[in-house]
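Just so it is clear, A, B and C label the chains in written order, and each chain counts residues from 1 on its own.
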Amino acid sequence: MPDVIAAIDEGGANDLVQDAEAALGTLSDSGSGSLGPFTASWSASATFSGGSADLIAPNTIRLADVRMDYTVSFTFSFDLSSIIPDFCLPQVCVNVPFIGRVCTPRICIDWPTVTIPVSHSSFVKFTADFNPSVTLVGGVWKVDLVIAGVPSLQLGPAAAAIIVAIGAAAALVLLPIPFIGPVLAIAVAAITAAIGVAGVLGLLGPILSPFVTGLRFTVYEQPQVFEILPAAPPDAAVNVTLTAITAAVVSTDEDELVLNVDFSP
Amino acid sequence: MPCERYLATLVMMSLTETEEVHAGLNESGANDLLTAVFTARPRLLNYRSSPLIPGPPASPAAWTTMPAIAFPGVPGGVGWGVQFSIPIIDFHPDSSGGLPPPLVLGVGRFSLRTTVTLTLLCGTRRGEHDPDNPQAAVMPLRAKLELVGIGHTNAVYFGTPGQGEVTFDVDAIEIVDIKPDELETLLECLIRMLLDAALGTVRLPFQAVSAGAFAFALVRGPEVENDQLKLYGNVL
Amino acid sequence: MSTLDSRSLTYVNTFGRRFGEPGQVRYRLVTAPVTCQPAHDLPFTIEVAREEGGEQQDVTVHLKGDALVAEPPQLSIAAGDLVLWHSLASTPGYAVQGESEKGQFDSSSLTSETLYTHAFGVPGAYEWTDAVNRSVSGVVNVGSLDSGDPKQCREWMEALARGTLVVIEGDRADPSEVSVLAGQTVFFAVSAAEGITITDARLIEA
């Protein structure tokens, strides 16, 4: 029999996971990716909360409806000329009393390169299985719940909202451009059509999925040299060495996550 | 037994039972903890009134120094030493091979085995004692006794949720075959008091019992059964 | 690039000057903002013939390498013709500085019988004034139409071909306030002035 058997039931595991989610804090990442025909630079952050734990023997902890709150900020730049057609002001003629008839030349507008910043915050829920993973690295024992497999993230609604946000952001950026007025709506529509929901999903999925697929919740973390009693002068600290740890889900009249710990003096 | 009831008994009970968290310290683990405590802090098992009480251990830091027993006419008092070996604990049920009567390892209790070494600095007659050369006047006399004891555990709670300690109380000991019986009774009482006090210095934090797993607020325990010391609680 | 400031000409502007006296006009193109420079290099010429004219002659300004060039670099006109400078979209802000037998001229300082046009690209109220002496000022109200409305869109397309004239004589602008749509061109014709600018008042430090 191991030196210590520590067990936690599903109710306790729920609390444990909530604490582990909070301890995970805010995850951040950045990079670049495809937004339809454009290249976007992005930064994103995510936090996790909620979910209910279902312990399934022999080694599965199923977390249902875990909520990932995220913020994605991205910018993409392009030559507006590639989106909207050339636009030219016609020749304008007036009669100037002391000069005579004067005509300006046809003026073709040079659309600039624009950079559109978009930021979007929302959440998505997912259900995933986790397996306990016991490691001893750098003199520290850890038991992590590591996600198994890639859960499907339902990002459709978020993509639809982001397309709207892109349109609004584009309108804001384009509005001050001289002579854009008559073609502003066309330009915004062309931008959102070029990207499309598929383009947004193509950017959003690869951004958010790694936050989920890389999830590890730490449910146990102790140094291998485990302090029983702290030093209290004139007495030294009292330590034992944790020599082995195993983790599994055990099913009896209820399901429990069980850690077996061995140590030596 | 009706079939359904019989089948129900075949389904094992969970470890946590009605609480969220269970921490079970096996008696082998308990003995490792005691070994760790008393190895790091040997002065908790070694008491003497004078360095004239010889070791082992040799280091003065491994001893707790106490006053000599004052007695009129005994210059400097009676020099003494009491030492215990690291107790070996056995949680109920008995797996030590049996206890000497009248000791019985009841439910929820532990037994322990240790040796006590009593040392007396035997002095010369009054008047021949040379205070400038006390070594010439005293001679350590040593007796080593095996003893078995029984006891129970307690939980001491602190104000901070989840913070507390498990302590060990010695209820009775048995030293076999000392005559006359009155002397055995006297020594058993004396040594029980000393052992209870020495073992009372061991205060194991709840987190030590769980090896640091699942911080919890204690709801039930310590309960001693199935060779384990068990704590039950809810996640903080 | 579409700032209302005659001191710096861009592709939404033109600068015109009527040359009434026969002779040779030499000029150069300088990038704006214009600083005080000795007039030692006037590479472009306008030969004003004696015969009477009254036509418009166009000169296109563009960037060739690092230098501003006029196309055509040598121009022959009749006396009384208007020379109208305009640039391409990629040309930086510039000014025209030259001299004739009648004296020197500078597009960044409008004098008699000169013209400055500006196509307004962004809706808003533009209070303009002379940046040098604040001698003359006016307002151009630039409105917009709903391009999604087909009727308004047609109206707007037709309006683009119509110009609005403001005549400046001394310290008076007539009319002092005009209203146009985004995309329309205002012609600021200077009939008499000592050297003024047409500058958005917000560009001038208080």
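In this section, a contact is a pair of C-beta atoms (placed from the backbone, for glycine too) under 8 Å apart; a residue touches a chain by one contact, two chains touch by 3 or more.
Here the structure is a predicted model, which means the values were calculated and not measured.
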Of A-C and A-B, pair with higher C-beta contact tally: A-B
Core chain by centroid distance, with centroids computed from Cα atoms only: A
Approximate Å spacing (C-alpha centroids) for the pair subunit B, subunit C: 104
Euclidean distance of C-alpha centroids - subunit A vs subunit B, Å: 55
Inter-chain centre distance, subunit A versus subunit C - centres from mean C-alpha coordinates, in Å: 54
Multi-partner residues of subunit A (at least 2 other chains): none
Sites on subunit C touched by subunit A in the complex: 1-2, 11-12, 14, 16, 18, 54, 56, 58, 82, 84, 86, 89-90, 113, 115, 117, 119, 121-123, 144-145, 147-148, 153, 156, 160-165, 167, 182-185, 187, 189, 191
Parts of subunit A lying in touch with subunit B, wherever the complex brings them together: 1-9, 11-12, 15-16, 19, 219-220, 222, 226, 228-229, 234-240, 242, 250, 252-254, 256, 258-259, 261-265
Subunit A residues touching subunit C - in the complex, by the definition given at the top: 89-105, 107-110, 176-186
Touching residues (chain side subunit B, partner subunit A) in the complex: 11-16, 19-26, 28-29, 32-33, 35-37, 39-41, 43, 61, 203-205, 208-214, 216, 227-228, 234-235
